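Report on the structure given below.
First chain written, first letter: the chains are A, B, C, D and E, and each begins at residue 1.
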Amino acid sequence: MTAISMKDLRKSYGSLEVIHGIDIEVQSGEFIALVGPSGCGKSTLLRMISGLEPISAGQMSFDDQRVNDLSPAQRQIAMVFQSYALYPHMSVRKNLSFGLENLRMEKAEINRRVDAAAKMLAIDGYLDRKPKALSGGQRQRVAIGRAIVRQPRVFLFDEPLSNLDAKLRVQTRSEITKLHKQLKTTMIYVTHDQVEAMTMAQKIVVLNKGKVEQIGRPLDLFERPANLFVAGFIGSPRMNIYPGKVVSSGGDGVTLDSPHLGRFTVPGMDADVQAGSDVAIGLRPSHLKLRPTTPGTGGGTMVVEQVESMGHETFVYGRTSQSDELTIVHVPGHFEAETGTTLAFTFDPAFAHLFSAADGRSLKGARI
Amino acid sequence: ETITFAFSDDDPNYIATMEKLVDQFEAENKDITVNFVTAGYAQMMEQLPLQLSVGKGPDVAKITATDLLRYTADLRPYMKDPDGFAKLHGKSLELIRTPGTAPDKIGGYVASQTLNQPFVNVTLFEQAGVPLPAKGATLTEIVDASVKVAKATGVEIPFTMDRSGHRFAGPAFSYGAHFLKDGQLIFPDDAAKRYIADLYKWSQSGAFPKEMWGAAGGTRYKNMGDEFANGNVVTYLAGNWMVNPFIAKIGDAFDWTAIDPPCGDAGCVPMPGSTFVVAFQHTKAPEAAARLIEYLGSEKVQREIAEQFLILTGAQIDNPHYKTDSANAKSSMEAFARNVANVPEEARTIERTQGASAVYGSIVQRMSQLIVGELTLEEAYAQLAADAKGANVELAKYAAAAK
Amino acid sequence: MIAFLTRTRHPGRFDLSDWLAWGWAILGTLVVAIPIAWAVISSLKTEAEINSFPPALVPRAAQTITVEGQAKPLSVWIRTAPDGSEQTVALVRRVGLSATVLDPTKPEETFRVPVAELRQLKEFHLQFSNYTEPMKQFNFLRYLWNTVFVTVVATILTLLLNSMAAFALSKYRFAGRNAMFALILSTMMIPLSVIMVPAFMVIVGLNLADNLWGVILSTVSTPTGVFLLRQYMLTIPDDLIEAARVDAASEFRIYRRIVLPLCAPALAVLAIFSVIWRWNDFLWPLIVLSSPENYTLQIGLSALQGQFNVQWHYILAMTVVTLLPVTVVFLFLQKYITEGVASSGVK
Amino acid sequence: MRVVEMPMAALQRLLGAARMPYVFILPNMVLFTIFVFVPVGLAIAYAFTGGTNLLIWDRPFVGLENFKALLDCGSYLTPSTCRYNLFWTAVHNTWWYTLLNTLGTLFFALVTALVLNRLTRGRGFFRAVFFYPVLLSPVVVGLIWQWFLAREGLLNSFLMEWFDTRIIFLLEVAWSRIWVVYVSIWFHMGFFMLIILAGLQAIPRDIYEAAEIDGTSQWRQFWCLTLPLLMPNLLVVTVLLLIRSVQVFDEAWVLTNGGGPGTANTFIVQFIYQTAFSPDLRLYGLASAASVLMGIALLLLTLSQLWLAKKAQV
Amino acid sequence: MTAISMKDLRKSYGSLEVIHGIDIEVQSGEFIALVGPSGCGKSTLLRMISGLEPISAGQMSFDDQRVNDLSPAQRQIAMVFQSYALYPHMSVRKNLSFGLENLRMEKAEINRRVDAAAKMLAIDGYLDRKPKALSGGQRQRVAIGRAIVRQPRVFLFDEPLSNLDAKLRVQTRSEITKLHKQLKTTMIYVTHDQVEAMTMAQKIVVLNKGKVEQIGRPLDLFERPANLFVAGFIGSPRMNIYPGKVVSSGGDGVTLDSPHLGRFTVPGMDADVQAGSDVAIGLRPSHLKLRPTTPGTGGGTMVVEQVESMGHETFVYGRTSQSDELTIVHVPGHFEAETGTTLAFTFDPAFAHLFSAADGRSLKGARI
């Protein structure tokens, strides 16, 4: 139950700055996800929070106490590594109790905590095994258990699920969420998988190239991405982006023209746009309709390249004229189409996102 | 016909001369090709026995180990003038014959006879004002004089000898010790024990520094010539083969000479040793080997070698004119030459006895242990006796197997 | 103290333990380097200098001067006369405690002085003859060629045969595999000096005595080599071999084109070791080879070490000579060697 | 390579792919058999023969006599009560040497590896420096150090300079033993250091980070993480060290002029060598028997090592 | 263009049989996926087809020719390994040409084929690079290229995508599908990811414990799984399964009673069922409705445990009374619910699957 405040944090390796001034406020008990593409500095930031990586500049405080120069142990954080970093030569029990023994805790208390954590994570059957004799999911849980027993002020996770297979990932995801609900400890969770971030975190921090792109609730990011980067990063499959031009801008909306989507009017802008300026139009695959129930005012045609049917949903990949990028349409249920046929699609302009073509800044979000 | 001649010596000039002689021989005998091989001493010691035991190796070689003599061929039938050869080399041929071979066998010739006698650093004696030990001096007198010289001049090593059983043996004979009795090795007898006790006493007092024999192990041979040449030694018991190297090594750094062998109850014994040039049984060209041996053993060649390299050959060379301008060397050679006749038969016999090397080895080994304090005197005597007994047992087995 | 040293800490901080670590490394470097450097320096000294005590750091030699009327150059000395005055003289001859000297400026006049009044003048001098002399005394080029031949051929064969065996032992399952591997490994326990005599009998039996091939063939199959390569090959994924099999490569082609190139680091390590072993081999070639046209360098050098004289100046020089190629090879391949030993030594 | 590839491919067609491993291992095995197994077999056979003849077919069979002679001892702890007291002296010396050398090398190699693992700069250089002596030949090492330790060697000239005394190191029993051990550590340490260093670098960094987060002291990190995780490498090092220590010969022999002073540095292999190659009285059977005994002892030592390690792991 | 026929194939390692008699007929030019849980024998079966693993019993024929004893090369198959198994020391070009060189093909022909394959896979820019210098996706394509150049009779793939990250996986998936359309070579594709199988293959073979559970078109497996195993394995998220009892069985349907779902009547059975027998009722998450548009006749209530919203779709996890297993409901678009609230759900009984509780055999499939 610790609030964390980062002010203008920077990190340089030699003359190379990789974190360029980051400000984040984490409320006490919050579950925060750090997302971003590979190499954007997620791990580095997390390690700065943990105390494993010295802070080059800026201030890090836990509950208003400056911790820049405290060791990980003094900060009372616990960390779950991507590789788990279990001690391979110790039994599960020893792995869990090792940190507590370092603190000269009483035997009885150690055992109590270890047993409680093991029970909670359903690893009490394996306490005498070595990590080698555990499956990936079990190892994952031991790693979490090692963090839990220490009753830390903050939990840090560095891509803890990326070594698991899809099925186990889904399962462990919900276990961590449950854990947070139970313990209510502040948690910071690094991932490059936006599905994880969307489904688990209360707040998401999108990092890119050592800078914060946007901080917000998952649905906020989905509905109103602050810029093209976030729009492209959040949402799976990714948002379709089309170039367009502002024809006119009036009281009840903006009229746009796009070679791919034709001319349509979008209501309720967040920012002012000038007629004649270039914009990027974003449409999520699920907002494009191939079998229109309610006809939208915008629309276009595409040549089908591929159809992926999963039984209960289908993704249709197609190419609009003059476009290099594929358009993806999400169709609920089963849908069949031959490669090469031309399909028309429509959309409700209210769902369109608009971005400035110049700097990628969001001009308008969308209700879902 | 091609034969191989393996030759080894410490003096590179000697080797070069030998090679030239072989070339001359080839020129005179167009039908024979001689493969002249120079080899290190270690090689001769370790490789030849193995090779000979399986019937391999050179046809002719210069050897030092007497236990290889049993592989020698009898060249008499292949020689042009065996009797002349025998006459020139006289009694020295006896040294090549092993028990049980023909009494007139000619296996080769004795390339050099060595005598063990002390060298002294004359300059040091002069500086200390101590007279050189006179003829007839006992080992004790020589060592005492050396200690005095060392004290006066600050030299560290009054007396030393090479770490070798052979070197040890000469004074042992003069003390009256015997190595053999009824064909059995007996060592040490009472005289030998007195000698050992003296050496031990000197090693403890520093007259014969511990380092000389102690700072080495096993039966390893260790030469002290460099110490003498560097002026660290007053008196050094070695032999005539050192004269030639000393001329070069010492140069004009100090004056030196060899003196007569130390005397004792049983006389003044210069321990004899020999090197041999012999042909081996396995040779496929005994005739060529015989011709080579005859050539090298001829009076002319032997004289040349003797005079050039200050060697006491097995062949009887009258009035050799040693080719050196070193007065030190000349006086040394005289000291050796006048003692050739003093070699007792017993000393020659032990050299040829199977098992003598084993006893020598045991002496070196046990003396070292005694000197560094691993054994007491009594224990050393006991160990030496046990070693000799063991050698007798093994030799008996060997004899039995040979039959 | 050890606890300081458990691991690399954050770069950039320099604390007590770093000082200790650097201290240890530098001290260790000195301990390793000094004896070797000393031997190299000494190998360039004159015989007299080598034996002088206390030893001088720099190789020096007696200063000499050519004086008119004297056949040989004379050594230069400083004479301290009883009155304390000093004078440079050249030594003509020395007998006992007195020496005949002359003043180089007046070469006709010789006079006698006590040796105690003389102090020799020395100058910096590298005695290269320590190297050239022994080389003259034997057929250096021939021995060098033989050594290179033995080293190169034996190394190539070692690499070839050991890697083939290692390939079989690591990438196939076949009857007797484990037994063969255990048998090969167990011979690591036998010191070769112990089986030298029977091994020589075998050489003689095969009529390979006094033949370079006798030296080569008997040293080719090494348990260390097989072990090292096998451990390394175990790390090559089986998938690769199966992929090649699907690609219609014959088993030998798989070995030659896939496994061998991938083993390069381990092969490099073995190559280095093999070169060192063969280059330094002494006792075994000494027994097998007997004619001089077959001698290797080490045997040739050993001939220098006579029965009676320890000629330190030659021995040190020749020691340096034998060190050189190994050092050069090491300098060029040290990364390979140290990393290769590390990666294939244990797995 | 075509030249080899074609017949090998033909061979594969003839034998089938399943038999190819035998083809690959054959050449090596043939040479191995001829030059190692046969001589080893012969050496064992020699152990049961007597006499001084070198040719085995000229030697009488004596059964276990050689072994009996070697083992003929009043008390194995006091070599002088044994018939072959030199052998037992050698056994004792070897035992002490093995103990000191194994522990010493292990210690120095471990500390050096830890130090090098720690260095962020210059690691490659120091690694090369420490490894360099491994490349030298034993004879060279023996000679260099003999030269260094001689009465008039460099070390003594320092002693003279600073303490006005000198020690004839190779004459004093204690000194000479220390130097023999020291020189072999100097000689071989780099090799073992590399193996340990490789083990250290194979330990994942994140384990230490996890330990740091767990608040583990450096001392505890060493004892509870580094050392246990290094165990497999240390085991290999120890086994190799044991094997090599028991077989000590060349460099010690050269350094101490044949095992001196007295018998202070006479080791088993030297005894074997000396017995087999001494001029005049080659007790080859006895030497072989001693080698067989040594081989058995080594085997037992190694196996017990592996067994202990296995037990510790469970 | 080779048909493959497997007849009672068996494989034993020592005394352990891992493949227990498998019969599969693969049509010429077909794209077959082998799916199944880990350890079920997929790789083993594939390796038996390839010739890398000897066949213990049974018969394998290519185009009616028995190939049991032929080597991989003789069978003319090509295989893409999970690890790619690229030759790390060879350039891409060399990797592609190695197999052809082994066949002593002419240089010119080799180059022609390599260039063609490289062009097709868009790796012609990297021909001189070593595999190390390639990204995961590029390596993947080189591995495929190596298979293509040999113009094999059959392509075998062993989980070729499992080493790629999610994004790349989607992309490569469609590339392999395209490839099959172009080359029309018989392809056998092993995966444990049923999404891959569903979207790529023409026919899926579901393996379990060394036995075939079902063979069929992807949608057939989805609509009419032959048994509970296939039902649970195919479809993501997995089908909800509830216990139930047959109340009556008549002409127009079967009336069922379930403690979780209440009483409802299911039309159109595939098999006869006796009144009173136990059945398992399967319902796909997308067939459960929380915000019913058309009220279904079946339905139940659940207590919400977790809600995972992905923006355009939401998964609600809840627990019906007395049930250990979670019920998963798929809701299109965004949906919010507090943990612990009780929600009612309905379904259309036509979409219910029925299985025999005794042996898991399917009694009725479902139209989607």
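What we mean here is this: contacts are C-beta pairs under 8 Å (C-beta built on N, C-alpha and C of every residue); 3 or more make two chains touch, one makes a residue touch a chain.
Chain labels with UniProt names: A, E = ABC transporter; C = ABC transporter permease; D = Sugar ABC transporter permease.
Small disclaimer: the values here were computed from a predicted structure and weren't measured.
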Contact-graph distance - origin chain B, target chain E: 2
Of B-D and C-E, whichever chain pair has more C-beta contact pairs: B-D
Nearest-to-centre chain - CA centroid comparison: D
Computed distance of Cα centres, chain D from chain C, in Å: 19
Approximate Å spacing (C-alpha centroids) for the pair chain A, chain B: 93
Distance from the mean Cα position of chain E to that of chain D, given in whole angstrom: 58
Separation of chain A from chain E, taking each centre as the mean of its C-alpha atoms, in whole Å: 28
Junction residues of chain E - those touching two or more other chains: 71
Residues within chain C bordering two or more other chains: 51, 197, 201, 250, 253, 312
Junction residues of chain D - those touching two or more other chains: 17, 54-55, 217, 225
Of all residues in chain D, those that touch chain B in their complex: 50-55, 58-60, 80, 83, 85-86, 151, 168, 170-171, 173, 176, 256-266, 270, 274, 277-283
Of all residues in chain B, those that touch chain C in their complex: 4, 6, 8-10, 12, 35, 37-43, 46-47, 50-51, 54, 56-58, 64, 122-123, 126-127, 221, 223, 225-226, 230, 241-242, 245, 249, 252-255
Of chain C, residues touching chain B in the complex: 51, 93-97, 137-138, 197, 200-201, 204, 209-210, 283, 286-287, 290-292, 299, 302-310, 312
Sites on chain B touched by chain D in the complex: 45-46, 49-50, 53-54, 65-67, 210-211, 214-220, 222, 354-358, 361, 365, 368-369, 371-375, 379, 383, 390-391, 394-395, 397-398, 400-401
Chain A residues touching chain E - in the complex, by the definition given at the top: 165-166, 170, 173-174, 177-178, 181, 193, 195, 198-199, 218-219, 222-223, 234-237, 284-287, 305-306, 308-313, 317, 330, 332-334, 339, 368
